[in-house]
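For reference, the structures are reproduced in the following blocks.
Both complexes shown next keep chain A, but they swap its partner, so chain B is in the first and chain C is in the second.
Our next item is the complex of A and B:
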């Protein structure tokens, strides 16, 4: 794997399954791949609709500072989350957005995939958009094998939902594998800086 | 066999308690520690234990006192305002020499404050907290692994010295998830507690009490307690030392802050600045002698805390004259960044002409 500390921030709104996605990611990296991992989250008091954010730090060394400082990868599952957290992304970090819900994208260094639309139209269940996104995040981070993600998902998914979640994960993996990261600009640059 | 699992800090404490043979939990909900009662409410009955959500923190701690008096391994958990309500019961436990674990996942104060991480309850935890001349044994974990390990350790120390023990942590440690190595649970055999009030059939009746009215009786009791605290100070102080061999300055930090300091130490090494760290793992007993001895060799100490300077006082009492002592604190939910800590250390070294 990549050496050193890799910070992933998953953001969206309550009810989108952000925290479950983070948990599966942490389980895959920390338990199944045996790396060091530290996962934390913050969310509003609302059961649905409030802001939701989960941090996953993955490293091959012990993790001291337990919070994400500057994400290497930011997933934003809605516009508000993208607007709020984009500013913290590393200059060479990668933005991943749900293009069904994020329409104003602040950088060209972005992977835009319609996770929610794929979940609704192709899989028939909007609720698994988080797993579609997780599949893509796993591939784009380049530090976790799809197999570990799938195994972690089976361990953590609610009983009876394994199959639909597994299909969702693979839909996301397939989308991300079709993307060539080398074609993206190497740095995020805001429009103001370009002027 | 060691099993590696991804656990939230609060859950790790609860699992550690069960592994230690704790079978009784009495508590009242408060953020950010609710995972502990939530988990134990379903898990304790499975191992033959009892979970009760009491009507208040005052009731909780007195249930803990009662179960402990009957010889059980027992615990409660709370945060700031709830821990304050428990102080009377904790004083009674210390007075009647009853063991038990109290977990404080600190929240900011004073008053209702908020749920953000803090170390503002250091004084309350380490200086007794309730009325009377007593101390709690206080353990300060810095990782989810230690939340598990120190929960077990706390019960052992608590029983060994017949004294309440506290785990003092914050919302970061309580809420984050890390891999934890769990030893395969062995059958726990607890040492006999001949002082317990478990029915006097076949033996002489005995009692546990905190009221001493005859002349000199209370004083003798307090002196016995002091002798016990001195033994604890002598034998149980725990710390982690890092980079103390070749450093220019030593940071003293506990819990969450010690992790941030470690990152600052790494950043500093890249710039050629050598920083060491002493992390007290027990806050009572405070590891005073390692700090005193280290400061003789490296007479520059910086204390970093998430409060306005509480452990700072214990460090001051540990060192001798002539040691330069600095402090950096963020209270009220502020979390220092490694950059901030490094900057403060550099300022201190610059003043010294380094």
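Our next item is the complex of A and C:
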């Protein structure tokens, strides 16, 4: 795995299964791949307004401070989450958005995949958009194997929903594997700011 | 609610649903009761050994440090968890144990309820011991209403399992409501240490 601390922030709205995705990601890395992981969520006024955010920190050494400070990877499953959390992304961090729902994208250093549309049209169940996104995030982070993600997902998925969740995960993995990260600009700075 | 910061640590083994209990507790306090809440879990060598621990911090003001330092309430669902985490409990903190599985209890300032036995014998499903414990913890913390716990649980319970989970929660609430906390010694210090 990568050396040091890798911070992932998953953001969206209350019904999108953000926290379950974060738990599966954390358990894949922490229990199945043996890395040090902290996973957390905070509930304040934003949560009561319907926003949802979960943090996952993955490291190869014990984690001192358990909150995400500057994400290496930010997933935003709706426009409001993108608008709110993009400012915290590391300059060389990666933005991942659900392009079904995020239309104003603040950087070219972005992977835009229509998670919700894939879940609805290809899988017939909008509610698994979180697992499509998780598959993509797992690949794009470059620190967790698809097999660990699948194993962690099966442990957490409600009985009877394993198959649809597994298919959703693999749809996201496939989308992300088609992306060449080296073709993206190396920094998130927008052109306006560069002038 | 109580003023200031209230720290809850839930501990047990991997299959006992500790993290789901912590999520429901956090969402009851944070989303439904409008308090500030941080909920987190860490995965390191202990998790890979099968141990499970989740933290919930509840406050009436923004939470600066998001990890539990000294729990006000420690739930231990097995002996190993009790042995491991009791040392961190506040002197005036409260230990809550599953007396089906914890037989060596390090303090008289304890509420001992056979959560697993109640789940198995009274409810016919050992897997809901976590929700029996959650009901008790909710009451004993004195900061979350039973109604908020039930509403949060219904949001998180897998479809079809709402009823058994609700009954488990209420079994725990009933057990805890029969306890008079004022009859317990005010501090966790054991008699040996007092000599």
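Rule of thumb we're sticking to: the second predicted complex is superposed on the first by the 186 of 195 C-alpha atoms of A that agree within 3 Å, B and C clash if a C-alpha of one lies under 4 Å from a C-alpha of the other, contacts with A are read in each partner's own complex, and residues count from 1 in each chain.
Note that in this section a residue touches a chain if its C-beta (ideal position, glycine included) is under 8 Å from a C-beta of that chain, and two chains touch if they have at least 3 such contacts.
This one's a predicted model, so the numbers in the text were calculated from it and none came from an experiment.
With the two structures aligned on chain A, chain B clashes with chain C. Once the two complexes are overlaid on the shared chain, A:159 sits against chain C while remaining clear of chain B. When both complexes are overlaid on chain A, the residue A:23 reaches chain B and chain C alike.
In the overlay built on the shared chain, the residue A:67 is in contact with chain B and with chain C. In the superposition on chain A, A:48 contacts chain C only, with no contact to chain B. After superposition on the shared chain, chain A has more residues touched by C, the comparison being chain B against chain C.
Contacts of A:38 after superposition: both chain B and chain C are touched.
Of the two partner chains placed by superposition, A:88 touches none, neither chain B nor chain C.
Once both structures are laid onto chain A, the chain B stretch out of 45-53, 261-269, 279-287 or 297-305 that overlaps chain C is 45-53.
In the superposition on chain A, the residues of chain A contacting both chain B and chain C are 23, 26-27, 30-31, 34, 36-41, 63, 66-67. For chain B in complex with chain A, the touching residues are 4-6, 172, 175-179, 256, 259-260, 262-263, 266, 335, 337-338. Residue ranges of chain C in contact with chain A, taken from their complex: 19, 23, 26-27, 29-31, 34-44, 47-48, 62-63, 66-67, 158-159.
Within the complex, the chain A residues that touch chain B are 23, 26-27, 30-31, 34, 36-41, 63-67, 69.
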